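In the two complexes below, chain A is the common chain; its partner is chain B in one and chain C in the other.
Showing the complex of A and B:
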């Protein structure tokens, strides 16, 4: 049976999108921060958060192929719906990166030439666009009297072999290209299987799933360094990639479960039984622990060793962002732990949707904490602009995902594992 | 039958296939017979609700042991490191449990897991009567290999004659039926 995007849901998502559009336009003019930092970081936060949800779904999709997991076959179309959002989120990120590369925003500090060059010409030093030189000799050759550049930052300059604009674009395009390619490919394979059936396409899915996992293992780490960790350019953490990835994964499972329960409540996916729901609940429960574990592992080592170059990251967050920083940790760790611990709660749609909505906001705040402290430092505000952006992107996500769900049967009719998934019982 | 009143009559029906036993159990329960227990070398999926075994409360026990572990670990570290002999490690002499909490979390976590896991395993063994050295209670050693035994007593089925029961069990595929009387 095909899903029908009801008018009520459509209206709901459009209202959210209108709120978002108003916030985006009004926010741009209302934002008084330098280089519109608040406006641009909102764009990055929402783009990355919803890309993360879609990537988590794509990752789990590939994982369940590679491990030949049968029970999740019933949820395949829901996951396909969620990762159909990748291109939309990719566009948002590309806009942010274009803005950064043309210096319309200053999210990525290392993109600024002034921190990279040791010398500056005396004549232009006070102008808006000074001329920079890497050495005295270079300046002399150009016939310019050069001064020592006071903004020069040796640490960032030494990172410029990796952190430079062309290579950043090569990597970003590579990641997004691979994600979009695999998402489209998985979807096409799935639709073809509905007509053809058999094991040939299934085995193909297995191989591509395994290949995707290998690529994503690398890209999930490097994209987190490139897009998020490089905001705090001086700071680095080897755990960062896993931490960001675990956040993506738990948000994805959370969204998949809410979406599945919504479809069930509307009378679709009748063969989803309490065991499927229980297993999804277990994923949210367990992944909340994985996320908390990685968050804490990163925090503990830096807090304990107390090395200035590392600990500044947390000092900014604890001194300036105490409430959202610890608040989001409590929301994302303690609530799922205490409430989803019992078996009955994991089988109860009411509990799952309530907790799911709360940690949906909680992981948004996590992404907020990844971006904003590095961009706005102590001059941050959380107000109608953040809420408006978030509602708008949520509306767009709901709208795109639900309309992607209408395009094919909600059950992969010919999958060889469908029968096993229908009788899933734990 | 006055003399059987003090005796419990136990019927042990042996099966050689878990699916046949599951079907048999459904069949017998459908006819109103109450099965006391099943002895099997491995868990039989879906059997518990059929013979009316209640869900285990082991999870509650595990939570209590875990809670005990977390409390004891925090209390212990507060006493050792803060109260009795305050420690200054890595320049963090705040003499406060809450401010030094991150350093105590790994120990607390491990101790919680230790208590929950050991407590749960030991509780499980005691409740099953399978602690090392305890006498075996399974009616037939073959149930630890490849046979399955269904136990039916006259306590739960007072109106059932043993001939009737034997007929029924044979009809559902029992390969061996033993009757015992226990004082």
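Showing the complex of A and C:
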């Protein structure tokens, strides 16, 4: 049975999108921060958060092929729905990157020429767009009297072999291209399997799944460095990529549960039984631990060693962002740990949806904490603009994902593991 | 009702019945040991004696007989410690994590992997013990009240966390392993004809009667222990990694250490499981239970964990440059091009490059290739710890105190000795204990046995 996107759900998502559109337009004019830093941060946070959810779903999709997991076959179409959002989120990120490259926003500090060049021409030093030179000789050649550039930042300049605009674009396009390509390919394979049956396409899915895991193993780290860690340009942490990845994964499993339970409550996916629900609950429970473990490992080691160039990252967050910083950790760690510990809670749709909604917000706050302190430092505000953006993007996500779900049967009819998944019982 | 997809490969080959499983597993315990066993245990026993002799010499003389010097204060001792703890990781992963993931193939390998874990952790614990010099004061690692005559231990020290982490891990692994053994001991007890052996196995089986009540409790406790053991799989090696990562020594202080050490530990543990099981399946004729498919699954775990470790190596290397911290960058440049470059490249080749060969199905289903690669990985993982520990220490901030580490015969002797002790214990296990979880295997015979699968479809 195909899913029908009800008018009520459509209306709900459209209302959210309208709220979001108002927040985006009004926010741009209301944002008093320098270079509209707050407005652009919101765009990056939401773009990244929903991309992360979609990528987490794509990762789990590839993983369940590579590990020959049968029970999750019943969720395959739901996962396909979630990762169909990748291109939309990609567009949002590309807008942010265009803005950054043209200096409309200053999220990525290292994109500013002013920090990269050691010299500046005396004549233009006080203007809006000073002329910069890498060496005295270069300035002399141009016939300009040059001064030492006060804004020059040696640490950032030394990173420019990696952090430079062209290479950043090459990498970003490569990541997004690979994600979109694999998402489309997996979806096509899945639809073809419904018609063709047999095991040929299944084996192909297994192989491509493994291949995707390899690519994602690398990209998940590097994209986190490029898009998030480089905001705090001086700072570095080797664990950062894995930490961001675990956040994506748990958020994705969480959204997949909520979506599946919604579909079940509307009378779809009748063969989802309590064992499937229990298993999904286990994933959110376990991955919340994984996320907390990685968060804590990074925090503990940096706090314990107390090396100035590293610890500043947490000092800003603890001194200026105490409530969201510790708040989101409590939400994302303590809540799932305490509440989803029991077997009954993991089988109870009401619990799962309530907890799921709270940690959906919790991981949004995590993404917020990854971006904002590096952009706005101590002059941050959390208000209608943040809420409006988040609601708007949630609306867009609901709208696009539910509409993608209408396009095919909710059950992958011909998967060789379907029978095993239908009889799933633990 | 459980249903298994037709495309899953069988996990028990041949035309086995329940009785056959019992006979195949218990047979070697009841019969006389083959000559090869006597030869192996003699060799392993002699090596153990040699190792014990070296330890006695070390304790009697002092740790100055090791090659340590003022700059390199930690070397083979801690390398061996981390190496053995790492090997001790696979057992609990297989029994706990794979149990939670409902991987049925674990049932053929969990028993020996858990035994291996316990023996490996024992070997690991030996090293910090003898490193103390005055081993008779070893009890001071535990927090003893001041009235005992000394100060509290330093609760801020990851070395103390290690004491807790490893002793907890050891206890839980031991209990887990033993509980799994109880029904199998009972099976042996019921078959034994020799009165003394019957008595001993009867005691070991705690009066197991096989009632439904016994079984439900057995299953419940297994699940609870699996839940407890899974966080331990993470915590033990995370805390071992913090012995290094909480410091401010370039090359040691890096945030990726906890998960990367965990992954490395699983990697080396699986390699050792493969080394042991490939010999055992041959000698004890267990080819129908530890099938090529099992070997393939383990090899896939090797690829995954090896690649995770590879990503971590490259991340560290990249970030050392990206950080712009000159000491950090130098530590890594020194690793791959300094006087210990050969150790670095041995580690890279063995741990990152060689497991990639398992992408080829031909190689990962070939027993000889797997056996060789499993040993290569064991060597590589030893070098990893050596590289981390020695290359980060040997050139410190003051060039006048730069030095090299040269192992003495005592360093080498003790390391080889622990391998001997480990193998002696494992050989004793293989002789007197049920090497496969036979009662668990019986529970999958009907769904995953080759004959039954054929009949079903």
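Methods note: the second predicted complex is superposed on the first by the 426 of 426 C-alpha atoms of A that agree within 3 Å, B and C clash if a C-alpha of one lies under 4 Å from a C-alpha of the other, contacts with A are read in each partner's own complex, and residues count from 1 in each chain.
Simple rule for what comes next: a contact is a pair of C-beta atoms (placed from the backbone, for glycine too) under 8 Å apart; a residue touches a chain by one contact, two chains touch by 3 or more.
Since the structure is predicted, the reported quantities are computational estimates derived from the model, not experimental observations.
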{"item": "Simultaneous placement of chain C and chain B on chain A, clash or fit", "value": "clash"}
{"item": "Which of chain B and chain C A:342 touches, first, second, both or neither", "value": "first"}
{"item": "First (chain B), second (chain C), both or neither touched by A:160", "value": "neither"}
{"item": "Partner chain(s) touched by A:217 [first = chain B, second = chain C, both, neither]", "value": "second"}
{"item": "Superposed model, chain A: greater residue contact from chain B or chain C", "value": "C"}
{"item": "Which of chain B and chain C A:425 touches, first, second, both or neither", "value": "both"}
{"item": "First, second, both or neither for A:309, with chain B first and chain C second", "value": "second"}
{"item": "First (chain B), second (chain C), both or neither touched by A:357", "value": "neither"}
{"item": "First, second, both or neither for A:241, with chain B first and chain C second", "value": "second"}
{"item": "Partner chain in contact with A:298 - chain B first, chain C second, else both or neither", "value": "second"}
{"item": "Clashing chain C stretch [against chain B; choices 58-66, 94-102 or 202-210]", "value": "202-210"}
{"item": "Intersection of the chain A residues that touch chain B with those that touch chain C", "value": "300, 304-305, 425"}
{"item": "Footprint of chain A on chain B - complex, ascending", "value": "45-46, 59, 63, 90-92, 102-103, 105-106"}
{"item": "Chain A partner contacts - residues on chain C that touch it in the complex", "value": "1-8, 100, 102, 231, 234, 238, 242, 245-248, 253-259, 307-308, 311-312, 315-316, 319, 322-325"}
{"item": "Footprint of chain B on chain A - complex, ascending", "value": "296, 299-300, 303-306, 341-343, 425"}
{"item": "Residue ranges of chain A touching chain C (in the complex, touch as defined)", "value": "68, 70, 154-155, 158-159, 162, 199, 202, 214, 217-218, 221, 225, 234, 236-242, 282, 289, 293-294, 297-298, 300-302, 304-305, 307, 309, 416-417, 419-420, 422-423, 425-426"}
